[in-house]
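Same chain, two partners: chain A is paired with chain B first, then with chain C.
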Partner chain A sequence: MDNAVTTALAVLEKQLNRPLAAALEVCARCGICAESCHYYVADPKLDHVPAQRAEQLRQVYRRQHDFIGKFFPTWVNAEDLDENKLERLAEIAFSECTLCRRCTFNCPMGVDTPLMMRVIRAMATAAGKAPEILVMLADSAIEKGKDPDMFRAMFKEQIAQMEQELRELTGNPEATIPVEKEGARVLYVALAGAHTILPPAIIFNAVKEDWTLSLYEAANYGVFLGDTARAKAIAGRIIEEAKRLKVEEVVVAECGHACASLVWDAPNWFSETFPFKTRSIVELFAEYIEQGRLHLDPTANPEPITYHDSCNLARTSGIYREPRVILNAVAQNFVEMTPHGLENYCCGGGGGLVALPEYDEKRLRAGKPKADQIKKTGARTVAAACENCRLQLGDLNQYYELSVKVTALADLIVKAMRLPEKIAMSVAAE
Partner chain B sequence: MSTTITKPDQVLDLKGLLCPMPIVRLSIAVKKAGVGAVLEGIATDPGVMADVPAWARQSGNELVSIKQQGKEYHFLVKKTK
Partner chain C sequence: MNIQFITSIIALVALIFSIVVFASRWQAMQRLPFGKDRSIPKDSAWKGIMYAFTLGMMPWAKESTRIHMLAYLRGIGFHIGIFAGLAALIASPWFENIPFAIRALFAVLTGSGALMGAAGGVMRVAEKNLRGISTRDDHAAVWLVSLWLGAMAFALIAPAFLPAMYVVSAAMLVYAPLGKIRHCIYFYFARLFYGLHIGRRGVASGLIEHSIPSGRRSHAPQFGGVGAASARLEQEAHNG
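This part shows the complex of A and B:
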């Protein structure tokens, strides 16, 4: 047995807890999961049935753990893991499943097929069979955490420029984007780039939030690798920063996997109850609206707008009411997709797939159910509270010629705040 | 960071791309390039100012220079292995 196979099998053994063993053993082969998977809906073939994907790992499990599988493997369709099989498993887990969990929600037995896909990802990563790009992105993020002085000065300089832009946009000379402010109530963890910093900054300043911006980005590519050590190192940068600054809560940008990993996975990785709350910025925005702290004009967004539920926000984190609180406050014509919320179809870009150009064609074909859903709404704008989803929706827009605009919730809120008009009115009043 | 090399062998237009795509494109281009090749990247996502130095350290390639020019971010990297 070669090293890669031995390493992969060792990971399988290490991760074989009761939930995984149950997922590997209880499938009734009813096939209900087929129609729940966007890959199958886009292209109905056996390889796209979640149970069939899981069966590839089950064959290996039976060879290792089933009594008959150990001695008479062909009787129970058990199979040895070899390098070819490992590569095929990696291909399935990284490019034919986005870990969206729709199959789990629709399985009468609650079989967690994405859990099995995560384990395959972990096996492949340990064995050096994971996509290089995901490994590079995870390791670059870890490198940033090792030495924040490498970029701290440049980052603060950029934020100072952004602060000027914020002041011009809001007409408020005192509007700020604080960085590393000790004792702030909220530590906001954005993504790389101004588009997830400036709109929330406008909103935070409007409600007079006591906030500070994280040095780090929320994205966690360790999660996509199924690699807890890497995922923990990436999340650890933010957790340490939150402790150092003594904040009350950590608020994660509009990003599905980043929110799910920091809110739900991190406390388990660190076996710790953090001295701060963690939640999505979507929940905080909805809270501001429900508390009447934001003055919004829905006529600023008059066109039909639909909302794509990120799988990590809706199915994993239960955040499907809050986006609708926001949309009903900022849009004049909010139209639901069918299905939506917990039953929403994955856009096809989850699980790190949007960052893997080698799987572009597969990813875009798997996004057909989402493209069809969008078309049926007649919406001209699609909002999504996840960066990966927005990147995928942008690509689907071109590929399927949807002629829609893809936007974040924060952008719609800012538009409904009608900033330039307010500035014009205040100038006229003087 | 050295500043002696200024002429790139390849220019990557990364304008309009959002994180993580500038680093993804850079990484793919560097992989295809020969050892010693110098690549220039031009991006509009300010995230590259932190991400490119981290990528260079992690990948073992040399970041020759990185600077902001108006709304654009220009960097030079040299493939070292």
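This part shows the complex of A and C:
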């Protein structure tokens, strides 16, 4: 047995806990999960049935753990893990499953196929079979966290320039983008780029929130690798910062995986209940609206607008009501996709797939059900509260000639705030 | 010693074997790590667990079961037959003391279960995807259980079939904890973990709302777990 295979099997053994064992053992292979997968809907073939996908790991598990699998492997299709099988497993987990959980919700048993795909990703990463780009992105984020002093000054300088822009746009000379403000109520963790900083900054200033901007980005590529050590290192920077600044809550940018990992996974990686609340900025925006702290004019967004539920926000984090609170307040003509909410289809860009150019064609083809959904709504704008979803929706827009505009919820809110014309133009340009 | 006594002893030994192996599987599961969830829950875990074992099993609760309603109901019928068959097996030494009407009712349940199981066996061969994902174990399991249910239905009506039923029961009981049939114990774990996930993360509320028929639902699109919620929001928006 070669080294990669031995390493991968060791990871499988290490990760074998009760939920994983249940997922590996419980499938009755009834096959009714097929249509729940957007890959299968786009291209109905056996390899795209979630049960068949998970079966590839089960075959390895049975060979190791099942009495019949050990002595009569052909009876239960048990298979030894070899280099080829490991490469095929990696291909499946990184390019043919976006970890959207739609199959789990549709399974009569509740088989957690994404959990199995995550374990395969972990096996592949440990064995050196993970996509290099994901490894590189995760490692560069970790490097950045090791010595924040190297980039702190440059970051603060960029933010100071952005603050000037914010003041000009809002006409409010006191508008601020505080960084590392100790004792702030909210620590906002944005993504790379001004587009996830400026619109929230406008909103925070409008509601007079006591906030501060994180030095770090919310994206966590360690999660996509299934690599807890890397994911923990990336999340750890933010957690340390939140503790140091003694904030009441950490609010994550409009980003599905970043929110899900920080809210639901990080406390378990660190075996710790954090001394602050963690949630998505979507929940905070909805709260402002419900508290009447934002004055919004839905006629500012008159065109038909639909909403794409990020899988990580809806099915993984239970955030399906809040985006609708926002959209009903900011849009004159909000139309739902069918299906939507907890039954929404993945856009096809989840699980880090949108960052992997080698799988572009696969990803865009798997996005066909989403493109069809959007077309049927007749919407001219598609809102999404996840950066990866927005990237994928933008690509689908071109690939399927949808002629729609893809936007974040924050941009729609800012537009509905009816700020001076130049602000609306600036936000729209983002 | 007559043949009925001998076969009943064989079935009893098989039953004990089955219970012991299932119990050891249960213990093995309990020995696996299951760390405490340190994240701050958004809602009640119990709400999710209750949903997972009740409303979440309803044929209308999931898109998959709405699409495959007949296949799902076939499976439900098959499993009702299995539960009836297990009850009948335990009661089998006292069949002669049980009123015929009750035995007939159980014969209908197990007989129907046998037919539903056989239909499932045929589907595994006839349907392309099912054929592709099935192992030999899957085929063997569905036919073995169907045969057992059929034998039980006959034994409930005519005691002459008891020895045959005991032999088939023994084979089924020995195979159950080793082959695919063992998924029955993992079902409870898998649904529990699913329930914990949707409960703690505030997903169950949306699913529950969607699973309970409501007049308000008529405002909502056909699908969508938050149909009723969004309908209410729409209504509120219209009402100003």
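Basically, the second predicted complex is superposed on the first by the 420 of 430 C-alpha atoms of A that agree within 3 Å, B and C clash if a C-alpha of one lies under 4 Å from a C-alpha of the other, contacts with A are read in each partner's own complex, and residues count from 1 in each chain.
The definition used in the following text is that a residue touches a chain if its C-beta (ideal position, glycine included) is under 8 Å from a C-beta of that chain, and two chains touch if they have at least 3 such contacts.
Note that this is a predicted model, so its numbers are computed, not measured.
In the three-chain model built by superposing on chain A, chain B fits alongside chain C with no clash.
By the touch criterion defined above, A:Asn344 reaches chain C but does not reach chain B.
Of the two partner chains placed around the shared chain by superposition, chain C is the only one that A:Thr104 touches, whereas chain B remains out of contact. Contact with chain B, but none with chain C, is seen for A:Glu143 once the two complexes are overlaid on the shared chain. In the superposition on chain A, contact of A:Ala192 is made with chain B only, not with chain C.
If you count the residues of chain A touched by chain B and by chain C, you find the higher number for C. By the touch criterion stated above, A:Met154 is placed in contact with chain B alone, chain C being left untouched.
Contacts of A:Glu387 after superposition on the shared chain: chain B is touched, whereas chain C is not.
Shared-chain residue A:Pro267: touches chain C; no touch with chain B.
Superposition on chain A places chain B within reach of chain C only down to 28 Å, the least C-alpha distance between them.
Those residues of chain B whose C-beta lies close enough to touch chain A in the complex are 18-21, 23-24, 27-28, 31, 45-51, 53-55, 57-59, 68.
Those residues of chain C whose C-beta lies close enough to touch chain A in the complex are 29-30, 32-35, 37-40, 42-43, 52, 57, 62-65, 67-68, 71-72, 75, 127-130, 132-138, 140, 178-180, 182-183, 186-187, 189-191, 193-195, 198, 201-203, 205-207, 210, 220-227, 229-230, 233-234, 236-237.
For chain A in complex with chain B, the touching residues are 132-133, 136-137, 139-144, 147, 150-151, 154-155, 158, 191-195, 217, 219, 221, 355, 357, 387, 391. Against chain C, in their complex, chain A makes its touches with residues 16-19, 21-23, 25-36, 46, 49, 51-52, 55, 67-68, 74-77, 104-112, 263-268, 270-274, 277-278, 314-321, 324-325, 328, 336, 338-344.
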